[in-house]
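The chains carry the letters A, B, C, D, E and F, assigned in the order they are written, with residues numbered from 1 in each.
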Amino acid sequence: MASIRPSPEQLKQLRELGAATVYEAQGAKGALDHGMKPIDPGVRLAGPAFTVDCRPADNLMLHYAVSKAQPGDVLVVDAKAFMEAGPWGDVLTLQAMHLGIAGLVINGCVRDANLIIELGFPVFCRGLSIKGTGKNQPGRVDVPVTIGDAVIRPGDIVLGDRDGVVVVPHNELESVIASSLAREEKESGQRQAIEQGVLTVELLGLTEALRRLGLQ
Amino acid sequence: MASIRPSPEQLKQLRELGAATVYEAQGAKGALDHGMKPIDPGVRLAGPAFTVDCRPADNLMLHYAVSKAQPGDVLVVDAKAFMEAGPWGDVLTLQAMHLGIAGLVINGCVRDANLIIELGFPVFCRGLSIKGTGKNQPGRVDVPVTIGDAVIRPGDIVLGDRDGVVVVPHNELESVIASSLAREEKESGQRQAIEQGVLTVELLGLTEALRRLGLQ
Amino acid sequence: MASIRPSPEQLKQLRELGAATVYEAQGAKGALDHGMKPIDPGVRLAGPAFTVDCRPADNLMLHYAVSKAQPGDVLVVDAKAFMEAGPWGDVLTLQAMHLGIAGLVINGCVRDANLIIELGFPVFCRGLSIKGTGKNQPGRVDVPVTIGDAVIRPGDIVLGDRDGVVVVPHNELESVIASSLAREEKESGQRQAIEQGVLTVELLGLTEALRRLGLQ
Amino acid sequence: MASIRPSPEQLKQLRELGAATVYEAQGAKGALDHGMKPIDPGVRLAGPAFTVDCRPADNLMLHYAVSKAQPGDVLVVDAKAFMEAGPWGDVLTLQAMHLGIAGLVINGCVRDANLIIELGFPVFCRGLSIKGTGKNQPGRVDVPVTIGDAVIRPGDIVLGDRDGVVVVPHNELESVIASSLAREEKESGQRQAIEQGVLTVELLGLTEALRRLGLQ
Amino acid sequence: MASIRPSPEQLKQLRELGAATVYEAQGAKGALDHGMKPIDPGVRLAGPAFTVDCRPADNLMLHYAVSKAQPGDVLVVDAKAFMEAGPWGDVLTLQAMHLGIAGLVINGCVRDANLIIELGFPVFCRGLSIKGTGKNQPGRVDVPVTIGDAVIRPGDIVLGDRDGVVVVPHNELESVIASSLAREEKESGQRQAIEQGVLTVELLGLTEALRRLGLQ
Amino acid sequence: MASIRPSPEQLKQLRELGAATVYEAQGAKGALDHGMKPIDPGVRLAGPAFTVDCRPADNLMLHYAVSKAQPGDVLVVDAKAFMEAGPWGDVLTLQAMHLGIAGLVINGCVRDANLIIELGFPVFCRGLSIKGTGKNQPGRVDVPVTIGDAVIRPGDIVLGDRDGVVVVPHNELESVIASSLAREEKESGQRQAIEQGVLTVELLGLTEALRRLGLQ
């Protein structure tokens, strides 16, 4: 699925803006559910999605996907939220890093977390499981997948940090970054106002809503 | 709801005593459930509760509450344990810190965790969620709220650390601190005894209970 | 239940090999479920199991078990996965450390986590709970217990790290270590191959499986 | 804790009004969480609460409570939401029915469900568990307990049906029944209006709220 | 969003085929998660989706949606899986039935279940909750919504029975029914074969797969 | 694994005794967790276990197992508690009934529940899922499996009813039935005593335990 890939500059901007800001800036959409978190809370990840739709407890499609992804891609894997298997571990991490893959977002668990953190490979997942997997099940790559209630399409830009993961449609990237920067600037103004003693109730224009409820 | 506020010394004592000790010292009551945890495990929080009863996925009442709380207050928010919204983030954190609010205990999620941790604002919650909220729903402040099976009344003293959160009725504060210190001293004696080789079975007088069960 | 105890050298080897490697090397068995995790993610624990089968929210049997375990033992406690009680805390930690107990694996929660981490006592559990317990219920020690779907027998070797916990039958320890080392060596070869550009699809012989699925 | 007990007529009215109506009529409060349900969905229960605060997996206090409750009482038991024990079964059911106890609301599981349903004893709980319990733990009766986020005080009126359970403070019973009947009448008018083609948007005066949101 | 609506004949066929058959016949896709179930297990529901994306614990958009849906529509509501509110009850049921709405699929809870079942209005949901809702929050109708990992678009055909809910893209309806009927016929042949003593291992051609695994 | 099979009379006795009675009679062991329930609550199942250890979301091993089980066997399948797949449905039900298999206990979900109930095939599981499965994964039959914390060995006797499932070691069957009948008789005496006004506190000898706690 051909699409213009984000520039290094854009990815850097995204990582600095952070997932929550980008989520709001693009109209409060695209966030994965709260259960998807980095195994190393300090990492920040941004890149285009290379998607994998596979079955739980089997990593045949993960090996396949790694061999098909491009450098800079983020593997986005729907492993069906099954918690009692770790289909991704040290070998796949080394393979992925060797091939220049930017990181992993997996709807499921991983293992070998000490090594993954030590190597600095960004992984977002539901937890850690030691349990092994088969290498037998079919699956699909480069197709839309759903995690939480977010649909991730191949080439969509994935952004993750401590708060979780948000997805930006690839054809909206430019405008979303622009909106995010505008939001940042607006929030910067709000921060100043707060420091000068303005209450958020005024700052965000909530007086009317509160009055309607008989408050304020 | 007027009540004599805890002194800085009392709050310092509470933070040093820790939530588990205070819980036991006041008769094994007042602990919130195990799902309420600090986003930065190293923080310690103590202060009188300013309570908020609101609906899930809406933070109008949080903005209102921040504007009504006193410096030193801990906001205690029942956001109904809904996990897919982060009604508290950077703007509210800055506002709260500017107003001298001591910290937040929220039955729900927050976002902008990197900034919150960096600023050192103590937050106890159920998790992190990027997802946004409305600013439309009514709610109440300064009323009793329930989190887990603990009822928190306005002015109750909230104490949180890595183990979780415990609540002390404000009119019991003095006696609870006294009991906690007594318990600390007793435990200090127990520690010495343990180091001298006394078994906890003897130390805690469990021999009789074990004998009744045919053990020992 | 008499059994030859593992040597310090064997335990050191296990800690270095890690739980995931040992799990695979012994035939993908013996892993506790994903919910059992260290409270300090950096810790590594290995030792023979001294098992405890007890009821939720009661720690009489824990005090009894500590008094019966041998130095070097890992207490493996089935507290029935109840989350709203912390039957293990500071006093039991001090007692256990004084007696040379190697660590704790508990199907339930603990408290006083700050102290436990500070003292460096390895604890694997489901979470942290402030809530206290009774000292009344019967139970059994030195019997098989089940956590997740893993059965742990007295004397089995318990190995835990960031990924979780795996159990090695004590009469298989020698061969499992040998298999683990062999696996390590094989993986070391795989790492070199990966660095030289071999794909895991080839390395692990997945081409045939992929072809059968119409891929590759 | 002495309180005027509800009359048979009042209890009959409550059972006919149903839990959801009474909940709304008393100001949208007092509902237990959604996990508390009748084991026989057709059953309806109303009566004053005789409360029990006990530990999980132990039913000593249940036997005690049954012997202390009055005919017509509803036992309201906080067994701490532990799912792997059934502290209530056939013997306690027979005992309770013999003593004229009206029913059971338990924050936990029960067993012998076939018999309970066959005998027509109303039980509201979280599920069914075969697993047995001890008879060792202390507890308290006739004290406020919390289930979900509802506080139930001794003598409060408990009302349960297929939708779940709601609690009415005993000193508000008369006014709550009055409000419920008024609400019923109002809803009866609404039903007629709906049948005559009026939309609920008009009926409930939602036009303004929708207009504010740019809808309608 | 204009689309050719399914004929009564097609809907009847779907209801008779059942959700599991249609799911398989359309290529093992479109099933909502296992938590979405009928409150009356005997009901069968089929119809085109009129979708609602709303916030948890607020039913303003439900009243709006009912007023906009067409007779025969199935309301498909994403109420964000929040369990502690019942945004749909008796009034909305009566309104919906009066307007000829075919049924409700809601990612959340409902209340007044006795009346809903008595009236025979088909409702698929996650559970029952007495708790009330606001009428304040914005939302959207006639947009794609996600429940479980299934995306439901306006006009897609929704099919529900005891097993759960499956969604058929409206432009695939004809072919899906054809495939389903073909599958039914094939299964009918399989049933006969089974009755004549053929094993499913042969019938489904699993001998080769088993041989590869060293079985059979 | 050869073992003397239970007689029809023994199985009948077990079904009449019920799971809870047998669980208690054999020393409060062998119960599966509370999540394992019959899809038709009225059903009663007893028979020797034919065990299957398989991966989630794959039913190759189920087809294999059905072809290897003996008439009267209960298939006991560990499908790893994965909820988003229904590896057992109409075809396997028909096959199993044709071969005289007595019923199914599966640590996972099933589908085609309407047909299964209509045919009267006893199924105990965690829920219903429409979602399909692969036919690719290896597994094992006739080996010990674990569900909840109960280990089920091939040939163990499985007993299920509305309360859930309990497992009797096959070499204990005779004595367990004897103990169960004795327990029944004892309970029958207790019932009479209760009807004559004896309190369970006396009947079960709880006076001493209550006195120790300062009650009674």
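Definition applied: a contact is a pair of C-beta atoms (placed from the backbone, for glycine too) under 8 Å apart; a residue touches a chain by one contact, two chains touch by 3 or more.
Keep in mind that what you see is a predicted model, and the values were worked out from it rather than measured.
Touching subunit C and subunit D together: B, F. Listing every chain that touches subunit C and subunit F alike gives A, D.
Residues touching across the subunit A-subunit F interface largely coincide between the two copies, over half of the numbers being common to both. Superposition angle, subunit E onto subunit F, using Cα atoms only: 120 degrees, a multiple of 5 between 0 and 180. Just to note, of D-E and B-E, the chains joined by more C-beta pairs in contact are D-E.
Averaged C-alpha coordinates give centres for subunit C and subunit E that are 43 Å from one another. For the pair subunit B and subunit D, the distance between C-alpha centroids works out to 30 Å. Subunit D and subunit F have CA centres that are 31 Å apart.
Residue positions of subunit C with contacts to 2 or more other chains are 84, 136, 138. Counting only pairs that meet the touch rule, the chains in contact are A-B, A-C, A-E, A-F, B-C, B-D, B-E, C-D, C-F, D-E, D-F, E-F. Across the interface of their complex, subunit D is touched by residues 55-58, 80-82, 84-85, 134, 136-138 of subunit C. Partner subunit D is touched in their complex by these residues of subunit E: 60, 63-64, 66-67, 83-84, 86, 89-92, 94-95, 98, 109, 111-114, 127-132, 135-136, 138. Within the complex formed with subunit F, the residues of subunit C that make contact are 78, 145-147, 149-151.
The touching residues of subunit E, when paired with subunit F in their complex, are 18-20, 23-24, 28, 31-34, 37, 41, 148, 161-166, 187, 190-191, 194-195, 197, 199-201, 204, 206, 209-210, 213, 215-216.
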